[in-house]
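In the two complexes below, subunit A is the common chain; its partner is subunit B in one and subunit C in the other.
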Partner chain A sequence: MKGPSDGLSVFGSASGFVSLVAQTRGAFSGTFRSALRRLAIGAPVRVFAIRGVDPPADPALLHLRDGVIVLDSPRSATILLIAGSVPEALREAVKHVHDEMAHPRATVRWVSDPAEERVDHQAQYNVSFSDLTSLIETLRRVQNDLVTGARSSEDDELPGTTRTAWRGVGPYGHGGAGMTGGTPYGRPMAERAPDRDALQLDQLPLRIGPYFMAFPAGLVLDIELQGDVVQDVAVSAEPVSPLRPVFAAAINDPVSVAVLERARAEDHLRWLAHALRVHGLAALGNRTLKLAVQVDADETGIESSVAELKAITHDVGRSGALWWSARGVGLLSRDAMAGRGLGPTARASGVRDDARIDEPAYQALGFEPIVNAAAEVAAKTASSDTNGGDTSARWRLLLAEAAQSLDLAARANGARAWGHGVVECPRGRATAREAPEPQLYAMLPDLLRGMEWGDAVTTVVSLNLGEGGDVRAVQPWAAAEKVRQSAEQAMKNENASDMSGMAGMTHTQHQAE
Partner chain B sequence: MFALGGAFTVFVAGILAWLAMRWVGDVLSPVASTDAERVPFTGGYEPAVHAWSRYHVRYYAMALLFLAFDMEMVFMYPWAMVFMREGVTALVEMLMFIVILVLGILYAWREGAFRWA
Partner chain C sequence: MTVWPGVVIPMLLTVVFLCAAIYATAVLDTILGRAVTRGPRRALRMQTFRMRDVLEQPLRTSALLLLQQRTLTERPDAGAWMLAPALLGASAATATALVPFSARAATLDVSSGIVYFGAAMALVMIAVYLEGWSPNSPFPLIGGYRFVAQALSYEMPLALVLIAAALPAESLAVGAIVRSQAGLWNVIRQPLGLPIYLIASIGLAFWGPLALPGGEDLAGGVRAELSGVTLLLWRAAHLVVVVAVSAMGAAIFLGGWLGPWIPGPVWMMLKTIALIVVILASGHTLARVRLEWFVLVAWTILIPAALVDVFASGVLVLWGTSRCC
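Coming up: the complex of A and B.
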C-alpha cells in the first residue's frame, strides 16, 4: 500500500527536490566551467597596454605577434600591461584603468629597470625583457594562472573612494531624482547651453585620455559635446614624446645620413600604421608596421622595402573610405604653419620648411623637400578653400616622404650631416630644448572646435604628435568640479525643503545610504 | 485539444529555453559588480555627468524630405493606373510636379538646410 506521501518519497520532500535540482545544476555548471577553462587556456592573451616612459620595447609591436590581442579598451582585457614607468601625474588614471577591467584581471609591469618604484601594490609580475617573445610567454602564464585559479583576481586599486555610485535608487538602481535635470543612476545630467540653431540643448562634458587608444599616451582633452559636435576643447595634459636616439644624437654630433633617413622613414610608417588602425584598417596598418620594422633593421636590403612601400602606397590610395573620411578634415592654413618648423605637417600645408635644405650633405644628394603643391598654388591664387593642407594631404605627403627618405638612404654612401644644435626630426625642427609638438598642442582647441567628434579624432591622429608617454602635470577638470558643486547645492536645497516639510516624496533616505 | 497540447508544449519549451539561456549567460559572464566596471571607458577618468542628454536631431530635415517624397510616391499609384490611357499628357504633368519638388530641394540645399553639423 502506498500512502499519499509515498509519491513524494523519491525526492524526500519538495525542498529535497529543490536541493536535487541545485546539485544537478551545480554539477553541470562545474563541467561547463572546466570545459570553458580548457578553451580559455588556449585562447590568445587579451591585453590593454599602457605606454609609459622608456618602455623596454615598443608595445605597439605586440600587434604583429600571434597569441596576444592588444585591445582598445580595458573593459574586455585580462591583463593590464604597463610598458615603462608611469609618470607621477598619470598614476591616478592608471589606477582607474585598472579598476575598469572586469574580473579576473592582473597587472604586468614591463620596465627597463625592475628596481624602480611601482605604481600600485598589487602588480606582482615585474618583467624587463626587451624581446617580445619572453614577454608574451609571461603574459600567457599570468592569464593561465588566472583562468585555473592559481592566482586570484586583483582587487580595486581605489576602493572606497568618494566616487559617484553608478547606481540610482530603486530595486534595480535605475531610478533617481527625476530624469530632466535630475540624477539618473546617481549621476547628474549635463547642463544646457545654446547650440548653433540657438536651441538650449545639453552640453556633455567629457575628459578623453590619457589612455584613449587613438591619441598619444598622456594627451588629455577636456571637450564639450552637443550631439557629436565638439563645442569646446581644452588640452589638459600635453605628453612629451621621446625623440628617437639617432635624432637626439644628431643635435650635437654629425651622424650618418643613411641611418637618419631610415629612422625617418620608419617613424613616418609607424605613424601611418597607427592612423590606419584607428581608421579600422588594422590589416593594412600591420603591414605598414611590419615594413617600418624592416626599414629600421639594417641587414635587410632597401630594394625590397622600396617595393613593399610602393605596394602599400597603392593599397592605401585605393581605400575609398579612408580618403573620404580625411578629405577636407582638419585644414591647417599655409599662413598658420609658415616659419614654425613643423616639418611634414607644415609641408603638407604648402610651406617649404625643412632644415635639411641648408645641410651640405643633403645638398650634395640633390635634396629638395616634398611640398604639397596644390596648397602652394591655392595660396598664390588666394583661393581660401584649399589654402593649406587637410588630413588627406598630410597622409599623401607622409607616404611620399617615406619613399624619399629610403631613396636618400640608398644613395647616401656614408655621408654625414648635422651636429650644430638643430636637426630636422620626423615631426619637424628640433633642438636640444625645443620640440615641434607643443606648437601643435596649442593649435588643437581652435582646430577642433565645431568639428564632429569623428573628424576631431581623425585630425588629432593626422598631426604628428608622437607616441607620448611622459606628462608633467594634468590640469584639473573644470567641468567635473562645476557639476560636483551644483550637485552638492541641489542636495542641500533638497534637504532644506525636506526639513520644512514641503516635499514629502523625495528619495533622500536612499541617497543617505 | 491537439492544438492546445501543442501550444502548451511550445510554452514549456520556451520557458526551458529561457532558463537555459539565462543560466549560460550567468556562467559565461557575471554582471560587472563594481561602479568602476560599469562606467564607460574614456581613457582613465570617470565621466562627470550621465550620458543621457538631449541633443539636436540633425536628421530631421532629411526625415521631412523623405516624408515629402514618400507622399509623392503615393500620388504616383493612381497616376500609373491611368498612364496608358492618358498617354503623354500624364507624363508631362507628372514631370512638372517632380521638377517643382526638385527645385525645392536644390533651393534648400543652396540655403544650407542639409548642413549636418
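Coming up: the complex of A and C.
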C-alpha cells in the first residue's frame, strides 16, 4: 500500500504538488474562460436604454429586433444606450444608472447630431444612425469587444464614494446620529405612521425615477410606502414630452387629415404597446408596436392595418388585461375631467371633449367623438359607482379611437384641417404654449394616494403622459433633506449632552474629592 | 459500497435531465414569445424563427452572464442572497426527483410522495422571499412581500387537489397515484383537479399572470438587483420550478407513463412538455393579475372548488368500495 509520501514523491515535494495543482487550475480556468468568451460572442445584446431629448428614433423599437434584449433594470446590462441628449438636470441620474451596471460595461450615445459635444460622461461610442440595423450592429460589436477583452470595461462615472457619503459618519460610522437620527446607510429611516387600517406601521420614503422603465423618462415621484401601499406622493420632476411634429405643424398650418389621423392611431398604439409590456404582455405589446410602425410607414394598405388592429383588440380582451389588471384601477371622475381638454383620458371618463367636433374638415367627414357611454349614462343617472373612467375604460377607448382614426384616414380624401392656433393631439387639446400633460401631473398625488404600488404604476401608464426625455428641474428629495436636518439637530443635541456629561462628571469628581 | 450506484446514478440522471429540461424550456419560451409577436397567421411558419439563433441563444446568454460581474448592493444580507437561488433550485429538483418516469424509474419513490412534494414546494416561498429580502433594495423587497401573499393563496388549493388525487389510489406515493389511473386518468375522473392545479402551479412558479414578485412594475422585482452568475442561477432555478410542477401534474392528472403504442417514459415526457407549454404560453398571452384580485379569487373560488373536488372524490371512492365489497 502506498503512503502519502509515495504519492508526493512523484512530484518531488509538497510545494511542487501545490504549484502543479495551481497551474492546472489556472490552465483549466483560463481555458474555461476563453471557451466562455468564444461562446458569449453573438449573445443577444443586453441593453438598458435611456431616452433623452431628440433621439434619432424611438428606442422602444429595439424591442422588435432579434438579438437585442432591452432590460427593465440596468444591473445585468452590458450596454447603456443613451438615446438623444441628456438634459443638465438628469446627468447625475444617468451617472448613477451607469454605475449600477455590472462589469464589463460600455456606454453608447445615440444622437441625432454626431457633432454634439460630449460633456456628460465617458462614452466612447457616439453614433447617429437613424436606422436601427446599423445601431444594433454597433451595439453587438461593442458587446463582443467587451466580452473578448478587446475593449476594457468603463470605470464608475461617480468615482469615490458619492453614494456612500455616510461611511465613517456618526458614533458607529454608519451615518446615524443618536438613537434614531442621521441617515444610517445613506437613506431616510422608515418612520411610523397610521396606515389605512389605522395601525401604526413603518412608512418608507422612496424616490422613484427618473429612469424607471414604466414611467416617462424624467418623471420623479417621491413616495411614502407602507408595505406596498402608497401613502403619499409628490411629483418632484415633471417630464416634458415634445408634441409630434405633424401636430405641432397643424397648430399654425392646415395639415392633411389622413396624415394627422394615422399619426394619432400610431401614437395610441405605441402607448398601448408600452402599457401591455408593463403588464407582462411583452409579445402582444411587440405585435402592437409593429402595427404602430406599419401604420406610420404606410407601407401596406389601411385595410391590413384595420384587420390586424381587430385581431389585437380581440387578443387584448382575451388576455385579461382589461379585466383583472385594470378594472376599477385609477378611477377619474367625469366632473374632475370635464372642460379641461384632456383628450382620450377625459373621453374615457364620459366627457364629450374633443376639439375635432368644431373643426370643419372633421365635420365634413361626419366625425363624432367616441365617449365612454357607461360613464355618461352613470353621470345622467347620478350613479356614483361608475361615474368616471378607470384604466380599463381608457384602454378600451384607446383601441376604439385607433380604429376610428384609421377609418377617418381612409375616408379623408385629401381633406386638410387646423391652422388656427389649436389642435386635438393624441393626448388632448394643445396650443403653441400649452400641452395637456401638466394638468395630469398635477392630478397624480391625489389619484395615487392609497393605491398599491402595482395599481399606481398601472394608473400612471394609462394616462399617456408621453415618452418624456426632458425635464425643467428636479426638486431636492424632501425626505432626505428632512433627515439631514434632524441629523444635524441630533448631532447638536449629542454634543450638548456630551458637554453636560462632562460637566456632571466633573461635579461627581468634585464630590468624591 | 453497493449503495453508491443506486444513489449516484439516479442523482446524476436527475441532474442531466434537469439541465436538458432547463435548456429545452428556455428554447420553448423563446419560440412561444416569437410566435405571439408574429401573430397567429405567421406563427406556424418555422422559417421565420431562425432556429439556429433560437437554439444558440440560451447557451450564449449563459456564457455572457458567467463572464459578468456579480454586483452587490449596499449592505445586503450576503449569505441569504447566495442561498436563495440554491434553495429554489434544490427545492424544485427535489420535487422533480419524486416524479416517476416509468413504472420502475423514479429517483425518489417514497411512500409519502405528495407530502414530500408539498414540503419541497413550500420552500419555494422561503427562497423567493429571501431573494427579495436579501439585497436591501425596495423593489425586490416588495416582490418578496407579494409572493408571501400569493403563496398563502395558492398553497391551500394545491394541497387539496393533490389530496383528492391520492384518494382513489389509497396511497400518497406518486407511483401508486399513476397506477390508479390505469382505467381512467384523473383529468377526467376529477375534472376540477387539473385546472385548479394549473392555476396554483402558475402561482407557485410565479410565471405569466402570477409573476407578481418579478413584475415589470417592479423593474423585475426579486431579480431586479441580480447580475452575472447569480442571475443565471436564479433563472435556471426558476425554470426548474416550471419543469417540476409540470412533471408532477403530468404524473398526478395525466396518467404519467401510462399510454398505448410508445414507451412509458416517452409518454411521460410528452405530457410534461404539454403542461410546460401551457404554463409558458400563459406568460405570453395572459396579463399579470392584481394581487388583490388573485387573493380574492383564490379564497372565494379556488379553495371552495378544491374542497368540492376532495369531497366528490371521497364520495366516489366510498361508492366504489361499497359496490365491490
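Things to note:
We take it that the second predicted complex is superposed on the first by the 440 of 513 C-alpha atoms of A that agree within 3 Å, B and C clash if a C-alpha of one lies under 4 Å from a C-alpha of the other, contacts with A are read in each partner's own complex, and residues count from 1 in each chain.
Methods note: a residue touches a chain if its C-beta (ideal position, glycine included) is under 8 Å from a C-beta of that chain, and two chains touch if they have at least 3 such contacts.
As the structure is a prediction and not an experimental result, all values here were calculated from the model.
Using the contact criterion defined above for the overlaid structures, shared-chain residue A:Leu158 touches subunit B, although it does not reach subunit C. Legend: residue contacts after superposition of the two complexes on their common chain; A:Trp477 is shown touching subunit B, with no touch to subunit C.
When both complexes are overlaid on chain A, the residue A:Leu206 reaches subunit B and subunit C alike. Of the two partner chains placed by the overlay, neither subunit B nor subunit C lies in contact with A:Asp54. Legend: residue contacts after superposition of the two complexes on their common chain; A:Leu281 is shown touching subunit C, with no touch to subunit B. In the superposition on chain A, A:Asp407 contacts neither subunit B nor subunit C.
By the touch criterion stated above, A:Glu452 is placed in contact with subunit B and with subunit C alike.
Within the superposed three-chain model, A:Ala311 lies in touch with subunit C and out of touch with subunit B [touch as defined at top].
Of the two partner chains, subunit B is the only one that A:His96 touches; subunit C does not reach it.
Touched by subunit B in one complex and by subunit C in the other are residues 33, 36, 73, 75, 100-103, 163-164, 185, 204, 206, 212, 227-228, 452 of subunit A. Residue ranges of subunit A in contact with subunit C, taken from their complex: 33, 36-37, 39-44, 46, 64, 66-67, 71-73, 75-76, 78, 100-104, 143, 147, 163-164, 185-186, 204, 206, 212-214, 225, 227-228, 276-284, 286-287, 290, 308, 311, 315, 318-321, 324-325, 329, 452-455, 457-458. The touching residues of subunit C, when paired with subunit A in their complex, are 32-34, 36-40, 50, 53, 56-57, 59-61, 63-71, 74-75, 138, 142, 145-146, 208-209, 211-212, 215-220, 223-228, 231, 283-294. Listed in rising order, the residues of subunit B touching subunit A in the complex are 23, 27-28, 30, 32-39, 41-56, 58, 116-117.
Remark: subunit A residues 25, 29, 32-33, 36, 73-75, 90, 93-94, 96-97, 99-103, 156, 158, 163-167, 179, 183-185, 187-190, 192, 195, 197, 199, 201-212, 215, 220, 226-229, 450-452, 477, 479-480, 483-484 touch subunit B in the complex.
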